[in-house]
Amino acid sequence: MSIPDRDSRDEAARYWRTSICDISPGKIAFRGYPIQELIGAVSFPAMIWLMLRGELPTADQARLLEAALVASVDHGPQAPSIAISRMAVSCGLPLNGAMASALNTLDDVHGGAGEQALGLYLDILARMDTGGALQVATASAIDTWIATHGKYLPGFGHRFHPVDPRSGKLLALVDEMVGKGVVSGRIAMAARAVESAMAERKGKLIPMNIDGATAVIYGELGFPPPLSRGVFCLSRAVGILAHAWEQSSRGERNKGPMPRSFPFLYEGSDLRAISDQMTISD
Amino acid sequence: MSIPDRDSRDEAARYWRTSICDISPGKIAFRGYPIQELIGAVSFPAMIWLMLRGELPTADQARLLEAALVASVDHGPQAPSIAISRMAVSCGLPLNGAMASALNTLDDVHGGAGEQALGLYLDILARMDTGGALQVATASAIDTWIATHGKYLPGFGHRFHPVDPRSGKLLALVDEMVGKGVVSGRIAMAARAVESAMAERKGKLIPMNIDGATAVIYGELGFPPPLSRGVFCLSRAVGILAHAWEQSSRGERNKGPMPRSFPFLYEGSDLRAISDQMTISD
Amino acid sequence: MSIPDRDSRDEAARYWRTSICDISPGKIAFRGYPIQELIGAVSFPAMIWLMLRGELPTADQARLLEAALVASVDHGPQAPSIAISRMAVSCGLPLNGAMASALNTLDDVHGGAGEQALGLYLDILARMDTGGALQVATASAIDTWIATHGKYLPGFGHRFHPVDPRSGKLLALVDEMVGKGVVSGRIAMAARAVESAMAERKGKLIPMNIDGATAVIYGELGFPPPLSRGVFCLSRAVGILAHAWEQSSRGERNKGPMPRSFPFLYEGSDLRAISDQMTISD
Amino acid sequence: MSIPDRDSRDEAARYWRTSICDISPGKIAFRGYPIQELIGAVSFPAMIWLMLRGELPTADQARLLEAALVASVDHGPQAPSIAISRMAVSCGLPLNGAMASALNTLDDVHGGAGEQALGLYLDILARMDTGGALQVATASAIDTWIATHGKYLPGFGHRFHPVDPRSGKLLALVDEMVGKGVVSGRIAMAARAVESAMAERKGKLIPMNIDGATAVIYGELGFPPPLSRGVFCLSRAVGILAHAWEQSSRGERNKGPMPRSFPFLYEGSDLRAISDQMTISD
């Protein structure tokens, strides 16, 4: 209990410092709010916002975030994250483990489109902040994206849905919130400018998809791009869990990607013998 | 396009069958509800309920689930799941990857207490269904638990909190919902009977903790025990993400469990030399 | 630097104590052997043994372990662990992340058969140690297994291979090592007694599979059952990595379990409308 | 069984095509070699090589790879991967799950240094191939690295070891293999040129560390940079497993990063009350 002893423990305490939660015997507070006052009083989306942003949202902000959380929960067993969750359960994993193997795959390709789309929208606004008109800023932001990342813009087009039924509803909610003064509408404007510019370039509409539309919401609400992916993980975790749970009532063991009677194709070397110089010496 | 071709594709389709989502070009529906009608109309807890249970909850049911979701988000950097999330970010993982490594650890010991507590409560009610009085059923259910799993009852007592500030508020909400006829209160009755029985046995109160209290909610709402763990994962994912995000703004690389100046203790074999017969032959 | 300060750091050091590695500036030793003396001198299987068991194996012991490590590396893309590895890479994960999602699924069902088989073998030997003859001990161990876990014995039979081409070679190596006095042959005896007893019960041979045969090796070498799964993970990690690497040269993005033109079957609720009392109040 | 049926199955088979393994009832072959001929005949490092590269290595090539595999197994409980493995076991995870959570963290920062170092070495050689002298090519490759990635060169220097005891031994083995004509020595030359150039710039030696030295081996053996990380994962998996196994014999539950008596520091908002407009409407 001497001062030097406190020094070591203080060094360790600082090493694990946080602004998120304050915990002492009998007391738990998040961002300054005692947990017993949050329970029953704030919505789950509001709690998510508080944990990630440090302040409680208004009811309208929470409602807009909630729409994005509801929209992205699942896209069926052809999505790798969902299929992996089901396969994992059949291998014996409990629900937490199946969720881990599946969420892990929401990486740059499977989970990064929203983050990238928001980056693109913010780039347009940054170009406008330095004096560019919307159309010019959009064109140059798109050009820069394509030069850096390739021709597919994140957040637009869908390999399966000609029109994504989620996007229109999400954007309508954003517009409603713009009307109420909850958000500025600038990110939505940038996103629609991308859609228009691409339609002009391609001669056909490549409509905003779920990633592009939720990125509008996250951006309007002030979430930085990496949190687009983080919040998407919270949403998709629901579908991953639902499919894991449904799978757990089936008798399948070691479920592979295809029915067992379906072969895979081997296209490698013909059968051959091991030459002597390659074997273990003994 | 002949019938046999359809047979193979049908076999594959059945292999990945699900009752959760119906997806075709331009259409996405969950449990029969088109996604564009769910977005903006149902709360995120209601969506979680729908995905896991197949039906939409009433507003009161959703509100009770929401309380449990809010209550369990985080318990600070001393919780392995939270510490792992922060360490993972410092190793270069994106948010989805940090969440995966962390959620994976919500296994039997770190994430299973609620599931086990609900199992205990249901065992008491099952014993009452076959004619036992509450006290007798509780005593025998506890005895069976201890004989099978050891002396620590899941959901009661806390190594850190003399009284868990979350439990009282959660149980008060359950009581409120019992009063409104939303839930029956039978699981809460069983849980409190465990608390009373243990107090009598030990001569002191070992109060219900967060796992025991959320298990009451999950049980009152009709969630089977394994989903206690699954829903807990959805809740704790929020805290895991919040700490990963906070960590990502720090410059730490390869963050170990303790400050780098803290040594670990080696207690193994003394230094020794390799004997000749153990080395690679060549 | 006072004594109490040392107390705190000592407590932390003890908290992370280990007998495996001794590390100080400029010095790294495993189980007492300086790393620079191990490199180039001991084989990788011998290093695995040293890390897990605390002592270096003889060359023959290492060679028998090596055979098991070589045998289990892969079983093709229909194995969930392999398919998941490939799908994970297509989602943007680096090799370490793909390995994580895949290894995670080597749980009780996908990775636990060897561990369970070794437990069965050891149960037979324990029954013999208390006086039972081989046949009697085998019969009662099998009966106990079936009563506890169901009718499928771990380590015997294969859904795909009438005879597993790996088992015969592995058992021949065990026999060779029994002849040289490297191992006792008692585990192999127990395993073969299971095979014989089942053939008699079923009227046909249900031959030992890779899990049953590698469990013989692990058991003969003195590895406790849980390490059967652990060492299997080291082996299968090779195939998981190889498939991840092969996949990384393909252009596929978000690879699902089946080709994209293959539909999945929805078998849930018909389309329906949300009733008013379920919607968000506002 | 009609032709169109075959078309669907063929499409699925091609979708899961591989050059690694050929499996049919009773037959398993890797890269053309029947598994029963590989077992007992090739070393585990040779099998790793075969799976990743498609051909069997010579005995000397395998031995050099083996040295790298032996060298990197573990760096103690202060390494995040090792600490996470131990914490995961205390949460109830089996060995495969602990390995998954831990291997997942061998990402760019914790597991990517070797991959990056090899990229740097190859950049030097590429600059020499277009006519540059060693010193000039090295200087420009280093400058390019620093301009792109920052001042710390991957593979050189160690926060803990003034001299890494593993590097010298590994490089001596490389030199031995250069003398035998097994490898060219060009990657080692480039790596040493980096070390010399940095020593001149800094006025002191920043010696090659384990990542820099194993990257020399992987490069000399012709492994592309991403496989440096992949093979490192195979090696570190051994230490991760060893620590998980050691931990599993301890009674600790939910092991956090520090002893439980060590507090963490809260540095966030002061206690505050929730304002009315933020609460759930009802």
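Note that the chains are named A, B, C and D in the order they appear, and that numbering of residues resets to 1 at the start of each chain.
In this text, a residue touches a chain if its C-beta (ideal position, glycine included) is under 8 Å from a C-beta of that chain, and two chains touch if they have at least 3 such contacts.
Quantities reported herein were computed from a predicted structural model and do not represent experimental measurements.
Q: Please identify each chain that touches chain B as well as chain D.
A: A, C
Q: Counting contact pairs by residue number and requiring over half to coincide, which of A-C, B-D or A-B is equivalent to C-D?
A: It is A-B that repeats the C-D interface.
Q: From the mean C-alpha coordinate of chain A to that of chain B, what's the distance rounded to whole Å?
A: 21
Q: Averaging over Cα atoms per chain, report the distance between chain A and chain C in Å.
A: Taking the mean C-alpha position of each chain, the two centres sit 33 Å apart.
Q: I'd like the Å distance between the centres of chain B and chain C, where a centre is the mean of that chain's Cα atoms.
A: From the centre of chain B to the centre of chain C is 27 Å.
Q: Which positions in chain B are in touch with at least two other chains?
A: In chain B, 8-9, 12, 16, 18-21, 23, 34, 38, 40, 42-43, 59, 63, 66, 76-78, 83, 93, 97, 100-101, 104-108, 111-112, 160, 257-258, 262, 264, 280-282 touch at least two other chains.
Q: Which word fits the touch map of the chains here: line, ring, star, complete or other?
A: It is complete, because no pair of chains fails to touch.
Q: Please name which positions on chain D make contact with chain C in the complex.
A: 8, 11-12, 15-16, 18-21, 23, 25-28, 30, 34-36, 38-40, 42-45, 47-48, 51-52, 63, 66-67, 69-71, 73-78, 83, 94-97, 99-101, 103-108, 111-112, 160-163, 165-166, 168-170, 173, 226-227, 229-231, 233-234, 237-239, 241-246, 248, 258-259, 261-262, 281-282
Q: Give every residue of chain A touching chain D within the complex, in rising order.
A: 9-10, 12-14, 16-23, 29, 31-34, 37-38, 40-43, 46, 54, 56-59, 93, 97, 100-101, 104, 257-258, 262-275, 277-281
Q: Looking at the complex, which residues from chain C come into contact with chain A?
A: Within the complex, chain C contacts chain A at residues 1-2, 4-5, 7-9, 12, 59, 63, 66, 76-81, 83-84, 87-88, 90-93, 97, 100-102, 104-112, 159-160, 253-258, 260, 262, 264, 280, 282.
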